[in-house]
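Please go over the structures that come below.
The two complexes that follow have chain A in common; it is paired with chain B in the first and with chain C in the second.
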Partner chain A sequence: MKYFLSLCTTGVIMGVIYALMALGLTLIFSILRVINFAHGEFYMLGGYASYFILSTFTGLHPLLAVPLAGLIAALIGLAFEIAFLRPMHQGRIERPDEYAILITFGLSFFLMNLALAVFGPYPHRPPSFFQGAVRLGFVNVSADRLTASILSLALLTLLLLIINKTWIGIALQAVSQNKDAAAVVGINPLRMNTLAFGLGVGLAATAGALLAPSFLIVPDVGAVPSIRSYVIIVLGGMGSIQGSILGGLLIGLVESLGAGYFPDPSRALNYKTAFGLVIFALVLLFRPRGFFGRKEV
Partner chain B sequence: MELELRDVSKHFGGIQALNGVSLRLSGSQLVGLIGPNGSGKTTLVNTISGIYKPDDGEIILNGEEIGRLKANEVTRRGVGRTFQVTRAFRRMTVMENMLVPALAVPSDRGHREIKERAREILSFLTIDHLRNDYARSLSGGQQKLLELGQLLMTDPDLLLLDEPFAGVHPKLMETIFEYITTVHAQGKSFIIISHDMSSIFTLSQRLVVLHYGDIIADGPPDIVKEDPAVIEAYLGEDEDD
Partner chain C sequence: MIEIKDLHVGYYKDLDILRGVSLKAEEAKITTVLGANGVGKSTLLKAIYGFLKPRAGQILLQGQNITGTPPHRLIELGVSYIPQHSSVFPHLSVENNLRLGAWTFRRDKARIRRKLEENYQRFPMLRDRRNDDAGLLSGGMQRMVEVGRTLMTDPKLILVDEPTAGLAKMLSAEVYRMLTDLRDKEGLTIILVDQEIRQALKIADYVYVLELGRNRVDGPTEEFTDLKKVLWD
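The block that comes next holds the complex of A and B.
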């Protein structure tokens, strides 16, 4: 039982961080109706930005680099959305669906190769937030991961408050439900698109910066987290915020329990991502809309 | 309120939806916009409200050209509209639906005042008791009322209503009638698209008839309904002629 509970604790800790990253993808999809194939690269960008900031300003506490990394990515996201995605929403692109796929894939390759050119192929790791481990019941958790999880939880709560209680959040919800109806009541959908993209990639980069001290950063470090995020948003129901949070927690738990109970412990971690994919396949088979997905009307 | 359309054209591929439409509205008018299916009525409303940009021509509102503005910018200049198929925010409550336009269009009202105004409008529209229900749970007619309520929250000078009576229960239709006459009496202008001839002839001071993107008649309802071009557009040309 202790072992099971300790695996659950680890799963929840990682699940909250997964949820943060997936929430960014959900936000972008629900407002822009675009799958951001560069989401993993913004995660990578967050890690590198954090590393770069802490290498440049050596006296800075590592935690302070996290919001800065998120902000840098958000600004890049805003600029990218205005320059490359806005024309699509203005009806200036003939085949917008194909364009969205190609342009975000292009951004993904660009960012990955940019990281390779600037930081090289070798792994980097920014300094720890806090050294050592913290005892949580039956389990020792690295202080860095626990910090990342608590901050992710705080950020998720803040984001839910913004979406449900502020004017900007209500405007985002309105645009996600019907762009034309939102426009005729006075909301600028183009501005909301830009905001959602900036916020979404900022969340991915924040997740990257939060996990950077725990995992090495390399140019393709975003590949697995991005696949995981796609799985989570389909699991939760495309465009559903609650679904992303629940999906993140579920994937965190399934990966942790799957790896913990895998018969061959030496290979268990290699299959970690695959356990989530099994759940993904099952959901697609039995509830293709995901947990909170809606039927199209 | 002064609205003038000068030679407004709009086409979609090979289809000419509006063919150099010119129209002028001055002061508080209640204009019925009728025409057979596909005559360009909704395209005209979409073009005035900024959903579509005209291919040619100008739309002048109170001396300002608004034809190139975005829909949200047109709304902020005092033009509100409803849709043929209601587009209330289905996953928001009725009250939230009412607050969205009030928050989007800047005004001097405080949050409490905005809520009071929303309650007032909802009461007038007889749906105040539904204010905490989700819009998706309302009937089609109630959703039409909600859209009309949303319109008033932006305090527009010109209201464009696309088929407000379509598929509405007779009891709710009375409420919509009262809404239009009351709001018009407050000095607002209306352009109302409708296939419900008895309603539109009763309500309108002026009827504009569109056919294949052209205005074929424009004038008082009694005169327009006797116009041979209008009769022909609706009934078709006599085969013997």
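The block that comes next holds the complex of A and C.
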């Protein structure tokens, strides 16, 4: 029982951070109707940005690098959206669906190779937020992961408040539910697209910066988190905010319990991601819309 | 109120749907635009509302040239638009749907409160269901939400595209009554595009008939009592 509970604790701690990254992806999808195939690379970018900031300004507390990393990624996202995705939404691209896939894949390769050129293939690790571990019930959690999880939870709460209570949040929901009607009431959909993309990739980078002290950063570090995010948003229902949070927690739990109870402990960690994919396959088989998936309007 | 002069507009280059349409809508009157499917009635409204950029021609609102002005600017000038397909936000509450009508003056809280209250007095049914998702409402009530949302901005001119498409007959009567009320009680100018020719003729003051992107005939409603004349003349 103790073992079970400690696995659950670890699962929830990771799940919250997964949810943060997936929320960014689902936000972009629900507003732009584009799958951002460079989402994992923004996660990677967040990690490198925080590493770069902390190795340049050595006096800075490592926690301060997190919002800065998110901000840098968000600005890159805004610029990318305006330059490459906006023409598509203005109807200036002939085959928008194929274009969206290719351009975000292109961005993904570009960012990965840029990181390789700038930082090299060797792993980097920014300094810890806090040293040591914290005892939570029966389980020791590294202070870094606990910090990352608490901050993710705070950020998720803040985002939910913004999306449900502020004008900008309600306008984002309006665009995701009926783009034409949003234009009728005078909301500029192009601006909402840019905002959603910036915010979405900013969240991925924030997740990356939060986890960077716990896991090493290499140029292709974003691959697994991005696959995980796709799984989460399909699980939760494409475009659903609650869905991505619930999906994140579920994948966190499944990975932790799956690895914890796998008969061969020497291989358990390698299969971690696979347990999430098993759930993914089951959802696709039995409830392809996901938990909160809505029918298209 | 609004005057359209020789408008040419289309969705693709070199393929105009409207090829020289002219129209005048008088203040506090319902002007209806009729014609077969595909003659460009909806296109006309989209062009007035700034969704499509005219290739040639002029749109004058009280003498001011508004050709190609984007929707959010037109709202400020007192123009609003109720599209043909349901335009409620299905997973937002009725109240949030109405509030979004006030997007262009979202900082003016007192005005929003006042306009919301006016809407609840106009449509008491909406007050009772203000916390429900708009998508759960009946088709007629969704139209009510759309009209209410439109009225949040104090429009002077409303462009209405086939308001009863897909509605049951009884609800249709309700919607047409809503439109005449807007004209008679609130003095609004309405341009109504419709397939329900009989109904449109019952409430309209002036009629335009389009044919393949051009004006065919127009005149006061009295001259169109003979339906055959409208349809095949």
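The working rule: the second predicted complex is superposed on the first by the 296 of 297 C-alpha atoms of A that agree within 3 Å, B and C clash if a C-alpha of one lies under 4 Å from a C-alpha of the other, contacts with A are read in each partner's own complex, and residues count from 1 in each chain.
The criterion applied here is as follows: a contact is a pair of C-beta atoms (placed from the backbone, for glycine too) under 8 Å apart; a residue touches a chain by one contact, two chains touch by 3 or more.
Worth saying up front: this structure is predicted, and the values here are computed from it rather than measured.
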item: Simultaneous placement of chain C and chain B on chain A, clash or fit; value: clash
item: Which superposed partner A:Ala171 touches (first chain B, second chain C, both, neither); value: both
item: Touching partner for A:Leu190 - first (chain B), second (chain C), both, neither; value: first
item: Touched partner set for A:Ala181, first chain B, second chain C, both or neither; value: both
item: Shared contact residues on chain A - chain B and chain C; value: 167, 170-171, 173-174, 177-178, 180-188, 297
item: Residue numbers on chain B that touch chain A, as the complex places them; value: 49-51, 70-73, 75-76, 80-81, 83, 87-92, 96, 99-101, 103-105, 150, 153-154
item: Footprint of chain B on chain A - complex, ascending; value: 167, 170-171, 173-174, 177-178, 180-190, 297
item: Residues on chain C engaged by chain A in the complex (per definition of touch); value: 49, 51, 70-72, 75, 80-83, 85, 87-92, 96, 99-101, 103-104, 106, 149
item: Residues of chain A defined as touching chain C within the complex; value: 167, 170-171, 173-174, 177-178, 180-188, 294, 297
